[in-house]
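The following pair of complexes shares a single chain, chain A, combined with chain B in the former and chain C in the latter.
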Partner chain A sequence: MIEFNVLVVDDEDDFREVTTKRLTKRGLKVWDAAGGAKALEVIEETRIDVVLLDVKMPGMDGIETLRHIRSLKPLIEVVLLTGHASVDSGIEGMKLGAFDYLMKPIELEPLLEKLMDAYEKKRLREQKIEMAQMKKHMSMPS
Partner chain B sequence: MHRLLSFLKKRILPEQEPQLSEAELQDAFRRRYSLFRSLLTANNNALQAMADLEKIYYSGESYRMAVVRARITTILVNVYKMVRNLLVMSDGRYQELEGIFEKISQQLEKVIEKKPDPPQGEYIQTLAETRGKDRQLVGEKMANLAEIARLPGINVPAGFILTAAATRHFLTADHFAEINRRLQVLDPEDLDALYQGCAGIQALIDAATLPADLEERLLMHYSRLEKATAPGVRVALRSSALGEDSGTISFAGLYHSELNVDREGLVYAYKKVIAGKYGANAVAYRRRRGYRHEDIEMCVGCMVMVDAAVSGVVYSRDPGDARREVLRINCAAGAGKGVVDGTNLVDLFLVDRQSPYAVVHRELRQMSGGPVVAAADPPPSHLLPPTLSDGQLRQLAETALRLEEFFGWPQDIEWSYDGEGKLHILQSRPLQIALADLVAEEEPSPATPPSGEPPLIQGGVCASRGTACGRVFRVDSLDSMRRFPLGAVLLLSQPLPEWAPLLNRAVALVAEQGSEAGHLATVSREFGLPAIFGLAGAMEQLADGEEVTVDATATAVYRGRREDLLHRATGKRDIMAGSPVQKLLAEAMVLITPLNLTDPAASQFKPSWCETLHDITRFCHEKSVSAMFSFGEQFHFDKSRAKRLVGDVPLEWWVINLADGFAATAQDGAKAIHINDIVSVPMLAIWQGISAYSWQGPPAVSVRGFGSIIFQSAMRPELDPAVASNLTTKNYFLISKNFCNLSVRLGYHYAMIEAFLSDLLTENYITFRFKGGAADHNRRAVRTRLLADVLERHDFEIELKGDTLLARIKKRPADFLAERLQVLGYLTLHTRQLDMVMDQPAMVAQYRNRFNREIETMLGRTPPGEVDDGTRGKSSAG
Partner chain C sequence: MERMRKYYLAIIRRLLITFFCLSVVPIFSFAWIMKGTVEETNVIKLEKLAQATIDHNAQLISAFLREKQELLQLLVSLNQEGAFFDQKQVEKMFLAISGNGDIVDLLVVDADGDQQSYVGPYRTLVAGKSYQDAAWFTETMLSGMHVSHMFSGYRNVPHFVVAVTDPLKSFVLRATINSSIFNSLLHSAQLGPKSDAFIVNRAGEFQTPSLLQRTKLNETEKLLLSFNLRNETVITANEVYATRWLINDHWLLILKADIGDSLDFYLQIRNRVILIVAVIIVLSLAGATYTSIALARRLEKADKEHAANSMQYAHVEKMATIGRLAAGIAHEINNPLQMITSQAGWIAELLPDEDPAQVRNFDEYRKSVEQIRHHVKRAGTITHRLLGFSRKISTENDRVQINDLVEETLSFVQKEAENNNITIIKNYADNLPPTLTDGPQVQQVLLNLLNNALDAVGQRGEVALRTSLCAGNRLCIECGDNGPGIRPEDLKRIFDPFFTTKETDKGTGLGLYISYNIVKKLGGTITAENKQGGGALFTVKLPVVTLNQQG
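Moving on, here comes the complex of A and B:
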């Protein structure tokens, strides 16, 4: 199991706690936040790789939170999660660059797989950026 | 060679792109492939969700809004992914798809989020001032009661109604949002959770504060009622829901009533009745019948309690046997609650519907403590607990028939006789005869084996329910498609969307392959055409022209016309019929499932003709496949990085590894690669075909044929046979483990094979393009025709335009495709010999026979009784 850092954002305490516990058990490092504002604090302070984000939350909703995450930390991958949001929030989320969209309730295995895919994408992108930077430095006359 | 390749490519792509290095090529391939793969996955998900939607819509079974919403969201997200990926894959072509998608998804959103208009009017109005037209404000039950109250000679207790406007004043948008949230997360299968969740919602309503102005008005109306009757009068609070306006829906007994309420108890009782809307039974029932909770608005009637001596229910017809000319009357002593909810022992009377309303049947259970069937004579009256006299029965019968006539439908009436013997009508509603029929006419389970001859063939999946009878007609080519007769059973090997036009003419559809999620399955359901897909062996076991009965629901095909099965197919009732959720889903499906883009070759096959999400998926899928297929054409690679294939190989072959196409044992820096170090599945299959028979070289040319080649070569110097050795030099394989693109120039013809073979059926494909070549146009056309003939035998779909051939197979298992790649490998090598002999019909036939024979042998299907005519080459296949 590859270890990476996940942030679970959901206002439903039951769901958030159970998910956090299960993902931790499977070897991920998991942070959690009960709302969008708190989530933004966490990603400012911590090196989060993937955010699992509930779309429908009181206060700052998932879509708004996603927008902030994209501008603050564009490399973080976001997987959206919903039980009962309006249908077009899904597309809205994809347009804002969410990695994918999951429907609640969700089993652990597919969730884990989706999070790993998201992390893989982030890793590849970082690698590419690194390579490009290296190339740039190498080609510069010293 | 280069000049020729670029010449050919210029004909396909007007602009020459810069050549890519090996790493860039690999990168481009990986990127393109990952887009393609994710598009296909999205396509599968979208089609699966569409199939789910149709299944629940057409199943006649119950479904709920949350499921509909989840499926539609899944469809939208996946179709969006397809559009996005296609735009990247096609370098921004089809940009207008985005706008079309946007428009459809907005329309869908509107349909899905549609809510009934909020009620407008007074919070409270008296029964006396209420009219039938107020039913949108006071609910069905109270509106009907108000109507009855105005009929002469019929008593209805005085009272008032807390309207839907009052309910909306009491429960705010925030309450509704919270209730919504709680309901949507409830798992309908988990009864414990349902009861718990409903109790929670009811507690939430209990805890909500009644607005002061509403409470004030409630108490004021109660005071008026006291003035009109007696101080401290007791009232009954009853539910009166609105929105339950479908004829086949009964919400009987689901809601809550509060009896004997005094002034102090009013507010509590009101909340209780409102909360009754969220009782577990009511929630479960609404879900089952297709009502969202926002479709139902709860109003509350507050009526003076009747001091009842005996109460009961009269049905103006017997629901158990609606055609019988009797009324059915139940009664019990007191206020009658036990009659309605079935908890008390009650007396039963069946009364003739004709004057003088004779009692035809009498069961006095109250007295005996159990069911007693007595004769039609009345027992001695002094022994009885309060029950009904024959005069009262007559009065009830007359009243019930009057109400039936007034409403134009058999009625279910609640009533009470007070101590003075005065009859009060508490409620009258349409009798649920249709619902009773529904219970009685359950369709026999399809698992019950029908009597008679067992099926000819059975299995596969039910792609569309139903039963039909007709003659089998097999369709495997455009020609047979044109000859398809009206009313036949369509038999297919593979259910391609191209066959969709036939569904208008067919009575049933049987396909050896495919699943319920395919395009053709969708269209079948849309047409209500019984369809079985994935029925292995169907092509072999069902004979053309034979009459069969297709029972798609049971996935079985029977010989001849089976009336027993065809009869059973009718009479299925739809439990969701007419419900708001069904209407909404029907409206939504119009934007989702119809498929208008069935023919990729039609001029309408473009974004602007996409009217539904299904159209968009079809378009994206088709175009993504072409974008992927043309990888070899679009990308120009640096040929110096190719490795030469070594080993016992005819001609010269070069290999470029795009991804994991080489075994780990292959040496990285080497200039050559051995065939044993190739692990590309499709390349190895092609190679088997190429190396199965040694190449014979060109045959003797007829004088006329030779002249023609000289003539062509003179016009096009690059075709000069003198440089033929140069022309036959380099043929390129671009490979990965599952992918292979082979560009071949053998002799004068140009061929390209591209294939992807994996475990995922939907990703698998082969395309074969063949064009050009020496010899005049006529002979080239004969040659491509011959190739097309051979390929058609091996399940390829063929497109022929002049001397250009496009042959394709999609979505078949890898081993099936591997065999077809062998065929292509074989043909690629051996067609070269055809050029010279194409003007001799006998030779053409001879070659066709030899090709077919050698291919059969290569594939291990040796035709019996073969005579070796000497044209057969030495086999070098292992």
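Moving on, here comes the complex of A and C:
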């Protein structure tokens, strides 16, 4: 099992709790945040790979939080989770650069799969960046 | 309905009255004024004519009388006094003046009133008669001249006498004058069949017979006589009177013209005006009726359209409200469903850690958790469908040939139809243009309709599919069946979510609701109706979208 860092952002404590427990059991490192502001704090402090973000939250909502995450840490992949009717908010999220979005209720397996896909994407991109940087260093006359 | 009919009738009535008044009242007033003017003109004309006629006649009569007086005076002045007492000489004079037969006889009376000479038809009657006390004699002796009133005399011929005396008043010369000449004169003064012309004396006695054979004066004529009017005309309701005094106010010439007689010209004009007015009234009545009815019809049509639009609008509103409501509920349910499935999943994950030997009902727990997860999934499916959720996020619009799409969809249900001996009648139009739309979504709609149709007809039924290009460049897909049709009260609710007529566990009541939303999203319409011959008919209309039109 690949190990990566996940941040679960949801205003429902029960959901955060059980999701954290289950993802941890699957071998991921899981942080959690009850709201957008808290999530941004965690991102600043910790190296997070993938964020599981609830779209509908009181205060700073998912879309707003997503915007901030994209500007703070563009490499972090975000998977939106919504109980909301409109596909529109999902589409909007994707336009803003979310990896994908999922509809509640969702089983753990597909969720985990999605998170792993997101991480894989992030990893590949980081690899590319690394390669590019390496090339840059190597081509530089020292 | 009755109330509306009355309302429109009231509108027609009101319009009719307004139009009618607007057209008829001016015409009527115009005609009325016209009538008055013509009437007045007529009276004025008549008055002028009466004046002219009476002037003419008065002149003639005066001239006639004056001539007779002057004639006698001439005789008196030309002859010696003695000649008048000589029968022979008087006969000569008579012959000289009675040329045209106006003068009936000639009488000479001496100053004592005794008859001296006479020439005329009544010689024996007047012989030796004394006129000393006769009014005419005394008056002549006093004023030198006398004109009598008319009288019939012995022969029953109207005549009057003119008497003069010589300056010394030694004798009186009297001539009896046949006045029938006046009658013919006055005949020419008759202005119409009901008009009259005659002479009366101050006492109101007819001096010439009334042309209308009247023997008495009417009130107006009596008034005219007593008022002593000069050269004036009096106009009453029906007549125009003109009067002239003759021979020192001795006689009054009265000319009466009947207004009615002169009305011929006026009546002609009046009849023409009445005819024109009648024609205009009829025309405007017809025009007003036509316009009113046409306007009311228009109004009725507009009202109906408005009502239909309102109803349609209300329906759209209702569907939108239901949609919002359903979405809200689904969302609220999705969160607890997530919790249930997460917790159940957690149990399922922890269960393998337990020692099955120590947990007595281990398998039951596992099974129970599976059941929970299964049913959450079921509930989730419903909420997702309710939300119109589609995994396919960006609706990629493909070039779709509707006929192919229908045919393809049909292949999904071909087997089921065959099993139930259901005939599928296809009627595709060849010339359908391809359109850019979401094929799979349209297919889902068609599948819903087909499934409903197959359920409705049961065994050995008929389902008809028809495609065509209908008004407004829209693609029409009709799906009809010969099943029991839709109950009228259900027609309104057929697209509502959870509305189903199928058995409890067979239908969710979401198929048509979802179809409705899909078609709406694709810019089309879906309608349900009952066919005339029985069975339901669903019509989906989709816009033809070409590459250029796509936003």
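Keep in mind that, in the parts below, the second predicted complex is superposed on the first by the 139 of 142 C-alpha atoms of A that agree within 3 Å, B and C clash if a C-alpha of one lies under 4 Å from a C-alpha of the other, contacts with A are read in each partner's own complex, and residues count from 1 in each chain.
Just so it is clear, a residue touches a chain if its C-beta (ideal position, glycine included) is under 8 Å from a C-beta of that chain, and two chains touch if they have at least 3 such contacts.
Note that this is a predicted model, so its numbers are computed, not measured.
Asker: Have a look at chain B and chain C on chain A after the superposition and call it: clash or fit.
Answerer: Here the two partners, once superposed via chain A, clash with each other.
Asker: Give the label of whichever partner, chain B or chain C, reaches more residues of chain A.
Answerer: Larger number of chain A residues touched: C.
Asker: Contact-wise, after the overlay, does A:Arg22 reach chain B, chain C, both or neither (first, second, both, neither)?
Answerer: second
Asker: Which holds for A:Ile129: it touches chain B only (first), chain C only (second), both, or neither?
Answerer: So A:Ile129 meets neither chain B nor chain C here.
Asker: Which partner chains sit in contact with A:Gly90 here, chain B, chain C, both or neither? Use first/second/both/neither.
Answerer: In the superposition, A:Gly90 contacts both chain B and chain C.
Asker: Could you say whether A:Ile2 touches chain B, chain C, both of them, or neither, answering first, second, both or neither?
Answerer: Neither chain B nor chain C is touched by A:Ile2.
Asker: Which partner does A:Leu72 contact after superposing on A: first (chain B), second (chain C), both, neither?
Answerer: Touch status of A:Leu72: no partner.
Asker: Of the partners chain B and chain C, which touch A:Met103 in the superposed model: first, second, both, neither?
Answerer: Both partners, chain B and chain C.
Asker: I need the one stretch of chain B that runs into chain C once the two models are overlaid. Options are 132-140, 222-230 or 582-590.
Answerer: Stretch 582-590 of chain B has C-alpha atoms clashing with chain C.
Asker: Residues of chain A that sit at the chain B interface in one complex and at the chain C interface in the other, please.
Answerer: 56, 83-87, 90-91, 94, 101, 103-105
Asker: Per the contact definition, I'd like the list of chain A residues that touch chain C in the complex.
Answerer: Residues 12, 14-15, 18-19, 21-22, 25, 56, 83-87, 90-91, 94, 101, 103-108.
Asker: Under the touch definition given earlier, write down the residues of chain A that touch chain B in their complex.
Answerer: Residue list for chain A touching chain B: 56, 82-88, 90-91, 94-95, 101, 103-105.
Asker: So in the complex, which bits of chain B are touching chain A?
Answerer: Contact set of chain B toward chain A: 66, 69-70, 72-74, 76-77, 80-81, 84, 105-106, 108-109, 112-113, 180-181, 184-185, 187.
Asker: Which stretch or stretches of chain C touch chain A in the complex?
Answerer: 327-328, 330-332, 334-335, 337-343, 345-346, 349, 373, 376-377, 379-380, 384, 387-390, 393-394
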